[in-house]
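Below, chain A partners chain B and then partners chain C, in two separate complexes.
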Partner chain A sequence: MLRLVVSRLLYAAVILLGVILVVASLVKLVPGDPVDVIAAGNPGMSVQDMDVLREKMGLTRSVPEQFVAYLGNAVQGDLGTSIRQGVPVTSLIADRLPATGELAFWTLLLAFVIAIPLGIVTALKRDSWIDYAGTFVAVLGVSMPGFLLAVLMILWFSIELRWLPASGYRGSALASIGRAVAERDIGIFWNAFRYFILPSISLAFVLVAVNARLIRSAMLEVLQQDYITFATAKGAPRLTIILRHALRNALLPIVTLAGLQMGALLSGTVVIETVFAWPGIGRLAVDSIHVRDYPIIQAVVLVSAALFISLNLIVDILYRFIDPRVRND
Partner chain B sequence: MSLRTLTSEQFDALARSYLKQATLSRRGFLGGAAALTAAAMLGMPGKALAQKTGGTLRVGRSEEPDTLDPHKTTLSVSSATMDMIYEPLARAGYDGEVLPGLAESWAFSNENKTLTFKLKPGVKFHDGTPCDAEAVAWTVARHLAPEAASPSAFFLGPLERAEAVDPLTVAYHFKEPFVAVWVGLTLGYSAPISRAAVEAAGDQFGRKPVGAGPFKFVSWSTDRGMRLERNDDYAPVAAPARIDAVELSHYPEDSTRIAAFETGEINAIYGGSSVPLDSVRRLRGNPDAIMLERPAQMMRALVFNQKRPPFDNPKVRQAFAHAIDQKRLIAFALDGFAVPATSPIASSIAGYSAKTAELSYGYDPEKAKALLAEAGVDKGLKVKLVANDTPVIRRTAEVVQAQLREIGVEITIETLPIAQWAAITAQGGQDMVISTYSYTDADIVYPVLHTKGALNRAFHENAELDGMIAEQRVTSDPAARQVILDKIQAKVVTEAYWKPLFEPLNFAVVAKDVVDARMNPAGELRIDHLGMAS
Partner chain C sequence: MTEAVIVPAAARPATERRFLGSLGRSAKGLTGLFLIAIIVLCALFAKSIAPHDHAQQVIEWRYAPTVWQDGGSTTNLLGGDNMGRDILSRTVMGAQVSIQVALIVVSIALVVGSTLGALAGYFGGIVDTIIMRIVDFQLAFPFLLLALIFMAVLGAGFATLVMALAFALWINFARIVRSETMRIRTLDYVDAAITMGVSQLRIIFTHVLPNVLPAVLVVATLDIALVIISEAALSFLGLGVQPPTASWGVMISEGRDFLYEQPWIVIAPGIAVLISSVGINLFGDFLRDYFDPRLERM
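Entry: the complex of A and B
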């Protein structure tokens, strides 16, 4: 176990180094720097003004020179200072990551709370109308772009019915649970949570579709196994067979899937964050790419890669607990 | 002629003309819109100004400020926000007149290289520290310090230092006379900031700004946007604001921003392209909304690269100019909300030459084809157009492509994010660009048309044109300057260096209980002048 963690952490360090190198070279290869952006919007700036500013901002240093300096600081936890905002990049990311993280949490929770029962029922009632309805939902889910669903829901739930806010983020709903319980006021939780509803549904819709189909096929496969026939033969209750014998085994691939989906959600969902004015990390990245704020771009990619690697490690460790076969390898 | 030899009065007049607006004179464009604008602008704040009405203005904008440290940003949405928090030495009026701000008066001296301000007494920063000559000089020193690497330092021009002569007198010493002095000095970029607050906040000052403007900064968070409250101690500068507070939120997606307005979550949308063109008709029909509109000092033009054949041939450029139908272009790409452009200088900028309307090559596809045939490029001409990737510019490029197809020219469009657009087109690998600018003075011809200009994409080698552009810079007599500007514009139009396409309009919308809202030339509302009906 310890060996697994240590060796994986070493791999992670190598991967992160590669990520820094690739991002550092890519952003420099693409034409256009922060000064170009500033000058394009400010005709009062002369060519000399541009050169002076490039020099002052340190943009005239060579790529290897900048890379070495960046690496030296990054090892000490200093990811640099935003060129456009002049504040440490770590504080910008710390500001945005919770919003993205909690949106990812509610999205995955919603996706699995719906997908698991849906997957089980469509597997058990294979080729019935329920199964066809499930297939229809799945096809709809993967075909409908999230932003379209988002805009339609804003029109209906926010503008027509005025039930839910059209956009925005009002702090963590998870963090408000404690206060809501202490003050016995569900309103405290609701005030934060209602902002999560529409964006979570927009993001979860496609995940429900994909996951329900995967759970369905995993269930179908497991239900044909000999141990299910045996369990049925020995007279175990049907619910026990489905939940304990079948679902537990069918869920194994789902753990991997959840890890990957969490990783994807955490690295930011730019479109949905834009539609709902969500102050997340995806929008931070895109805005920074537009203005060529190199330190932020590098840091967002680095943090996303680190999160992705950690999630994969957690999934691997989880596997050892839930699947004895892996443990014995 | 040199700027140093002008009398200080002449120089002052020249500098002030940099902000001065041409009146809404031109060709009675968009009849209804102009009337509406005029009506909105007549909503006189004068007599109502003194009374406080309370209330909170909740503004939705398409962009969010990057920082409110005036020395670390050049973003227009930050600039608009800083104008509320900081008090610059002078302010621009609704028609570009230079009005007192923190300073009550000023004078040029020393061959127009020194500008001395007399400050209003008794002004304090929001943290209670005095906003005096010392504060002004300290701010300038911070702005110009090499280690600050300030992207906004160019607004100060060739400023060497500011000197506190006495507590209420501060002298700005320039290396040479700087005619565009008011462009920067009327903005929050150059306003004094509290030294105590800067020293307390360090690099976080941009998130906790302290100035002497009409509104005090209260909070700014990623989840709730920004909140400013009225500065009740603003009286030494001017009448305090009438409303209690301003809340500024950021809605990047157009449909969400409009939804927030329609549900009452916000009661104002203005600034940049915050009011999307495709919602203008719908908002005009909304009985609970007041629309404000005004021609923007902006230009969108097709610029031909003369380094690349066949655009070295004026006939080809003229043919292209004849192929563009501006009316249809504006209808298709902008839903009709723009003014056809005739000159490289926008018609709302003083110095615009009305003669260009007659000199322009109008829509005439047959003539265009004939000109191409004369130039010997009427068969299978393929041309690359590079445009930036904002939606309006992209649509414009597509309409241009369709219109040029009618004369047998095949256009490949490349749309690029602004950073890449700027860097790539500067190298000149393209045949045409859609060039865009926003500026207040006719001197815009220098950056966009002089061979040494930072935004020149015509790549011409015409020394005569360069000479005229340099000359208008130092001509203080408005009539003499206009003669030169007329010649420049006539040359650019008749030799088809550019095909000017259109001048956009600025839009703002407020809920009907917001009174006395007026739009300035930059498309911003002066929040400290408006009120809320109870």
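Entry: the complex of A and C
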């Protein structure tokens, strides 16, 4: 087990190193360097000024040297300085990461709270109207681009009905729970949480569609197994059979895919954060691309890839604890 | 799932009949095909269907409501946008852009991905290791993020968009073709071909790839929907097709600023995106059920 964990960790490190190398070389492909970008914004800058700045930023060194320097700094948590804002990239990302993280949290919570019952019911009531409705939701969920759903929901829930805010972020909803409990005022929580609702639904819809289908087909397969027949024969309550015997096994394929779905979620946040003016790393990336702030782009990609790789690593290892059949292989 | 290709030429009409019969019985397949037909017809005959030039700006058409709203007229059936352009004409032209991007991207990804996948699956060993490590590596990048890096480095535009999406998608084909090739490679008729001294390249192209085709077809269909959605999303972010080209993503992004007063600006392109992706996904689902009935029962 330990050997497995170590080998996976090493593999993840190699992939991450490759990601850094590829992104760094891609950025090097861009015509012009950061100094050109800065100079474009400062017409008063002379050629001498630019050379001095190049020297200061280490751009006169060879490319491998620059790469090793970047890597060395990255390991120590220094991902460079924003060209436009002159602020350390690490602090920019650290400021924005919690908003994205909490959005992902509510999205996943919402997705599973809906997908699991939907998957179970559509499997049990196969070929009924509720199953067909489930199929409809699944097709719509896979086909609906997140940004379109977001715009349509803003149109309906914010503009027509005026129930929920059209955009913005008013701090962490999770952090407000403590205060809401202490002051016995649910309004405190609601004031932060209502900003999460539309973005979370926009992101969760596709996950609900995919996961409900997966749980449905896994349930159908599990329900045919002998041990379910046996449990029924010995007179176990139907609910116990469904939840304890069937669902626990039906959820296994979801665990495998959970890591990969985090990738879809990361991609989704890029778009959804832009729609809802959400101060997360997704919007940071898009904004930086528009103004060609390469150190930020490079860092956001790096952080996203690192998150994605480590989440998949955790899922991979977790899976062996959950499913003894894999562990014994 | 392979008999569609193995049958001798004389029997082919029967397979066609079987396919059409199966399609005729499938509500999913027919609905999908119908929706796809709408979009494809719009794309093919965009110039004739569009009542106006998609780029023509007329002051009086600015914020013109749709024909069924107060003040709407038959001049602009779906209304006018913020620049005084006819929304119906732009939505119809958008079909052309979407389908162009989707077909080019999926063709490139299909050819590159299938070839590399077939090589990896057929030869195994070091070839397999190298190709699959690249695939693994690319899986570490979330799909849209990978496309974003491309746009950031090469600058937004049609060519970059196509390259970025194709680069992000080839792994889907490589993975399915590799696993199918590995399965087919162990079948008796491939062994027979090897024994007869058929060259390896010939075996791959005439004996293996044709039998991988059904699986590739399913992935290609579903990926077309994925490309249409991604193109719209990237264009929406201002990183894909550039204005004034009429792309659905661009139209939705431009109309977003006028949601309060003129919501119809985003509704038409929004529905167009939905029709195409729902249609393709339904038809893709049908194809998968047809080629792999094992999944249908689930």
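Here, the second predicted complex is superposed on the first by the 288 of 329 C-alpha atoms of A that agree within 3 Å, B and C clash if a C-alpha of one lies under 4 Å from a C-alpha of the other, contacts with A are read in each partner's own complex, and residues count from 1 in each chain.
Assume a contact is a pair of C-beta atoms (placed from the backbone, for glycine too) under 8 Å apart; a residue touches a chain by one contact, two chains touch by 3 or more.
As the structure is a prediction and not an experimental result, all values here were calculated from the model.
*Asks:* Name the contact category of A:Leu174: first (chain B only), second (chain C only), both, or neither.
*Replies:* So A:Leu174 meets neither chain B nor chain C here.
*Asks:* Which holds for A:Leu318: it touches chain B only (first), chain C only (second), both, or neither?
*Replies:* neither
*Asks:* Just to be sure I read the superposition right, which of the two partners does A:Ala133 touch: chain B = first, chain C = second, or both, or neither?
*Replies:* Touch partners of A:Ala133: none, neither chain B nor chain C.
*Asks:* Counting only touches as set out at the top, which of chain B and chain C does A:Ile228 meet: first, second, both, neither?
*Replies:* Neither partner.
*Asks:* Taking the superposition as given, does A:Leu26 touch the first partner, chain B, the second, chain C, both, or neither?
*Replies:* In the superposition, A:Leu26 contacts chain C only.
*Asks:* I'd like to know which partner A:Ile309 touches here: chain B for first, chain C for second, both or neither.
*Replies:* A:Ile309 contacts chain C only, not chain B.
*Asks:* So, does A:His290 touch the first partner chain B, the second partner chain C, both, or neither?
*Replies:* In the superposed model, A:His290 contacts both chain B and chain C.
*Asks:* Touch test for A:Leu155: chain B only (first), chain C only (second), both, or neither?
*Replies:* Touch partners of A:Leu155: chain B and chain C.
*Asks:* A:Ser143 contacts which: chain B (first), chain C (second), both, neither?
*Replies:* second
*Asks:* Please write out, lowest number first, the residues of chain A touched by both chain B and chain C across the two complexes.
*Replies:* 30, 151, 154-155, 159, 166, 274-275, 289-290, 292
*Asks:* Would you mind writing out the residues of chain A in touch with chain B in their complex?
*Replies:* Chain A reaches chain B through residues 30-47, 49-50, 53, 56-58, 81-82, 84-88, 95-96, 99, 151, 154-155, 158-159, 162, 165-171, 274-277, 279, 283, 289-292.
*Asks:* Name, in rising order, each residue of chain C that touches chain A in their complex.
*Replies:* The contact residues of chain C facing chain A are 136-137, 139-145, 148-149, 151-153, 225, 229, 232-233, 236-239, 252, 256, 259-260, 263, 266, 270, 273-274, 277-278, 280-282, 285, 298.
*Asks:* Going by the contact rule set out above, which residues of chain B touch chain A in the complex?
*Replies:* 66-67, 69, 72-76, 146, 148-151, 153-155, 180, 183-184, 203-204, 206-207, 222-224, 249-253, 255-256, 259-260, 262-263, 265, 417-424, 426, 437-439, 444, 447-448, 452-455
*Asks:* Contact residues on chain A for chain C in the complex?
*Replies:* Residues 15-16, 18-19, 23, 26-27, 29-30, 139-140, 142-148, 151-152, 154-155, 159, 166, 216-217, 220-221, 260, 263-264, 266-268, 270-271, 274-275, 285-286, 288-290, 292, 294, 297, 301, 304-305, 308-309 of chain A touch chain C in their complex.
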